[in-house]
Amino acid sequence: MVTNVTNFGRSGLSDWLVQRVSAIILALYTLFIVGYLLFHPGLDYATWSGLFAHTWMRIFSLLAFVSLAAHAWVGLWTVTTDYLKPTGIRIATQTVIILAIFVFLVWGIQVLWGA
Amino acid sequence: MSNLRSLTFDAIIIGGGGAGLRAALELAKSGKKTAVLSKVFPTRSHTVSAQGGITCAIASADPNDDWRWHMYDTVKGGDYIADQDAAEYMCSEGPKAVFELEHMGLPFSRFDNGRIYQRPFGGQSKNFGEGGQAARTCAAADRTGHALLHTLYQNNLKNNTTFLNEWYAVDLVKNANGDVVGCIAMDIETGEVVHVKSKATVLATGGSGRIYASTTNALINTGDGIGMALRAGFPMQDMEMWQFHPTGIYGAGTLVTEGCRGEGGYLVNKDGERFMERYAPNAKDLAGRDVVARSMVMEILEGRGCGEKGDHVYLKLDHLGEDVLGKRLPGIVELSKTFAHVDPAKEPIPVVPTCHYMMGGVPTNVHGQAIMQDAKGNDKIINGLFACGEAACVSVHGANRLGGNSLLDLVVFGRAAGMFIESALNEGIEYLDASESDVESAMQRMNRWNASESGETVPELKRELQDIMQTSFGVFREEDNMQKGVKQLAELRERIDNAYLPDKSNTFNTARVEALELDNLMEVAEATAIAALERKESRGAHSRYDYPDRDDVNWLKHSMYFPAEKRLGQRDVNFAPKTVDMFEPKVRTY
Amino acid sequence: MSKLQVSLYRYNPETDSAPYMEEFQVDTQGRDLMVLDVLHLVKEQDNGLAYRRSCREGVCGSDGMNMNGKNGLACITPLSEVVKKGKLTLRPLPGLPVIRDLVVDMGLFYKQYERIQPYLQNDQPAPAIERLQSPEERDKLDGLYECILCACCSTACPSFWWNPDKFVGPAGLLQAYRFLADSRDEATRERLAELEDPFSVFRCRGIMNCVAVCPKGLNPTRAIGKIREMLLANAT
């Protein structure tokens, strides 16, 4: 078996499953948002922020954010291992990616649940 | 010692086809230091092209089948110059060897009861020819050779066999006593030449169909083992016996398995007549291959051939239906579309008898030990030299091989050679080391090519050799024409001895390999020609217009070709099987 | 005139500092030759040309090469199928080190094949006859065992180009599934455990280049999908 330490699950199967499940969640979330926008042609700030006042919407959005983070990590980890052959550059890039994903995720949570 | 690097093994097996890999597997399991030296990656060996199957009385299609019936068919098929002790060994040991292959994973086709699928093949009978057609050929669709070769290679991987892949054996090394103690070999990738030392050298180099212009054989079938043994001065047996397969695709030469006729296909002439009914009223299209091939040529010569030139016949399969073709003969459908531009489900395939198999080769006993003759004409074992598979002449095929018997020959005698060498090594083998001059003499022709500065080049000489063989030593033979052929070959030999290798680079130099192969083709062609000229009778695959009958008084014998004097002698056929009564020579009809 | 223009990838490490393309004119006499026949004709012009060949009928897998941009076997590819605008361009299989001209070093390819333990594993004592297998069980091996190891698929696969040391590649995976699918094989669990990591199987992105080029019409992508299903069933 090929061993590796930089992917989290260390299992191709779990990565693969995460990728599929997160993709479904992201697809559903996208469909919902697009549908919502279509049904509310004259959307104003109050209605929009009202939507996000619902707890279920916040949970759904958080789920989508987490899915996005996981999806992006698995995908970008794969891309770096495909194309970045020098180990130093690859690890550096992977570190930047994971930090960025972390920052965006925390920021997203703050936007959702913050004041 | 010379400046060559040397490698030392207990046993070196030259050739990575079915026979070589089966022998290697036996030795690898025993833990002996063994290597397989093959000029191609092993799964590219010609065994991969075998289609129809492996004939063996495993009693699957018929629970009452008997290996003795198979032995009878084999001896009769060989027109009674098959050695009966060898045929007995092959047919009785066969089931064990086939079951081993299945246990190794060979994906045989199956009957509904889960047993190995068997199909009818030519020359097969029940109850010593009295019980009608048998179905005795075990098959993996029509890719049996491919399945067999890959299975053997895989099991060699499992048992950690050492492979020298893409290495070319140049010549045998003999010591001062005339024992074979290894070979000179070249790593094709780097061009490095190495002295391989070994206590047992196994020639599993296959056939040499490339001496003919039209052949079903792979481009690599250049008789390298035969050439090496002849140059070392060892005799060859029954070299006049070349099988012409009835159904090579017209024009391309690619093989169409006898299994097509086993599954119910048949040959027709230009009038749409199923002509084999006239030549072999009982077995019809499933008569011996020599009989069918001759009948086809007769049809063509008498003006009933098909096509514009009337120079081939048709193999009709469309009545079998797409289901049977797709299930049992998928490879044939593929090959016909590619090489004959014909969909066999709709149209017949144009076919013509095509050189297919060398029944002759290095004479051996059932243990694969190579044999020569002493001054009195008695058998004498050649120390250190073994042969198995098509390169060997055990002889189980006599004057004509039955379909499906070649794969059985490979595994039974590859296995037997492996087992014998293992026990011989256990008992201890010590031969004198080769001296520097012994190695030098094995390097001679390599040095000759490397030093060549001008002369004719390999492709044109090869083409000429193939044309001579095709014209003078084909399905039908005749004195004057063969005399002419022998003379042309003698002239050609001189030209080949002075031929030129323009490319002397070291890295993957295929031109050098082809030059070395040409020497071997020359050796095989000459042995064939002289043996064919001297055997003054018609027997099995050897048919002469001028001697149309079998002559059991003078020629119920193996021929032995001695390269030093270019002389043809004889060797007794074995009529003493151990556990059954011998089969008396009878008139051979189908 | 029936001259065919053949553009050939040439490289001999002993004399060339870098590979280059060389042009040849070949007289086909108007025949629809196989690409391998054309190579024989070129070799008569230039004895030094190196390529592998053996059976010349598409079953030994020696002469896999890149013909006008597509991998295939030279011996069963007629000119009419590949030649564009009277020109034939031949290159070695992509992604493997070139030894000389059209001959590539297949070491990595074979290593991946060996890694999947391409042999039947069954520790039960063998019966006196064959192991029984129903025709239905045997049918599962169709489309798998026919692989000829020509490497056309794996060298057409970007995932194999990028990670030839870690991704088994379509050819190896087809054989991995050939043994997983064999009713006589008992090492399913061990085989799956060896394949579960992120590279061996899961680098397949399902782009089906392998299916597009396989000269035997096999479908490694489907086999890879089946392996994934088995991994999933085994792990959940």
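Order of writing sets the labels: A, B and C. Residues in every chain begin at 1.
Keep this in mind: contacts are C-beta pairs under 8 Å (C-beta built on N, C-alpha and C of every residue); 3 or more make two chains touch, one makes a residue touch a chain.
Since we're looking at a predicted model, the values are computed, not measured.
Asker: What topology does the chain touch graph have (line, ring, star, complete, other)?
Answerer: Shape of the chain contacts: a line, open at both ends.
Asker: From chain B, which chain is the farthest off, judged by mean CA positions?
Answerer: Result for max centroid distance from chain B is chain A.
Asker: How big is the gap, in whole Å, between where the Cα atoms of chain A centre and where those of chain C centre?
Answerer: The computed centroid separation for chain A versus chain C comes out at 38 Å.
Asker: Per the centroid of Cα atoms for each chain, what is the distance between chain B and chain C, given in Å?
Answerer: Here chain B and chain C have centroids separated by 28 Å.
Asker: Let me have the rounded angstrom distance from the C-alpha centre of chain A over to the C-alpha centre of chain B, please.
Answerer: Centres of chain A and chain B (C-alpha means) sit 65 Å apart.
Asker: Of all the residues in chain B, which ones touch at least 2 other chains?
Answerer: In chain B, no residue touches two or more other chains.
Asker: Could you pull out which chain C residues touch chain B in their complex?
Answerer: So the residues of chain C touching chain B come out as 12-15, 43-44, 47-62, 76, 78, 99-101, 103, 106, 110, 114, 117-120, 122, 126, 128-135, 137-138, 141-142, 145-146, 148-149, 179, 182, 184-185.
Asker: Where on chain C is chain A touching in the complex?
Answerer: Residues 159, 162-163, 166, 193-203, 228, 231-232, 235.
Asker: Mind pulling up the chain B residues that touch chain C in the complex?
Answerer: 40-41, 43-46, 48-49, 58, 98-99, 102-105, 107-116, 140-141, 143, 146-147, 150, 154-155, 157-158, 189, 218-220, 252, 254-255, 331, 334-335, 338-339, 457-459, 501-503, 505-511
Asker: Taking the touch rule as given, give the residues of chain A at its contact with chain C in the complex, in rising order.
Answerer: The contact residues of chain A facing chain C are 1-4, 7, 9-13, 15-17, 78, 81-83.
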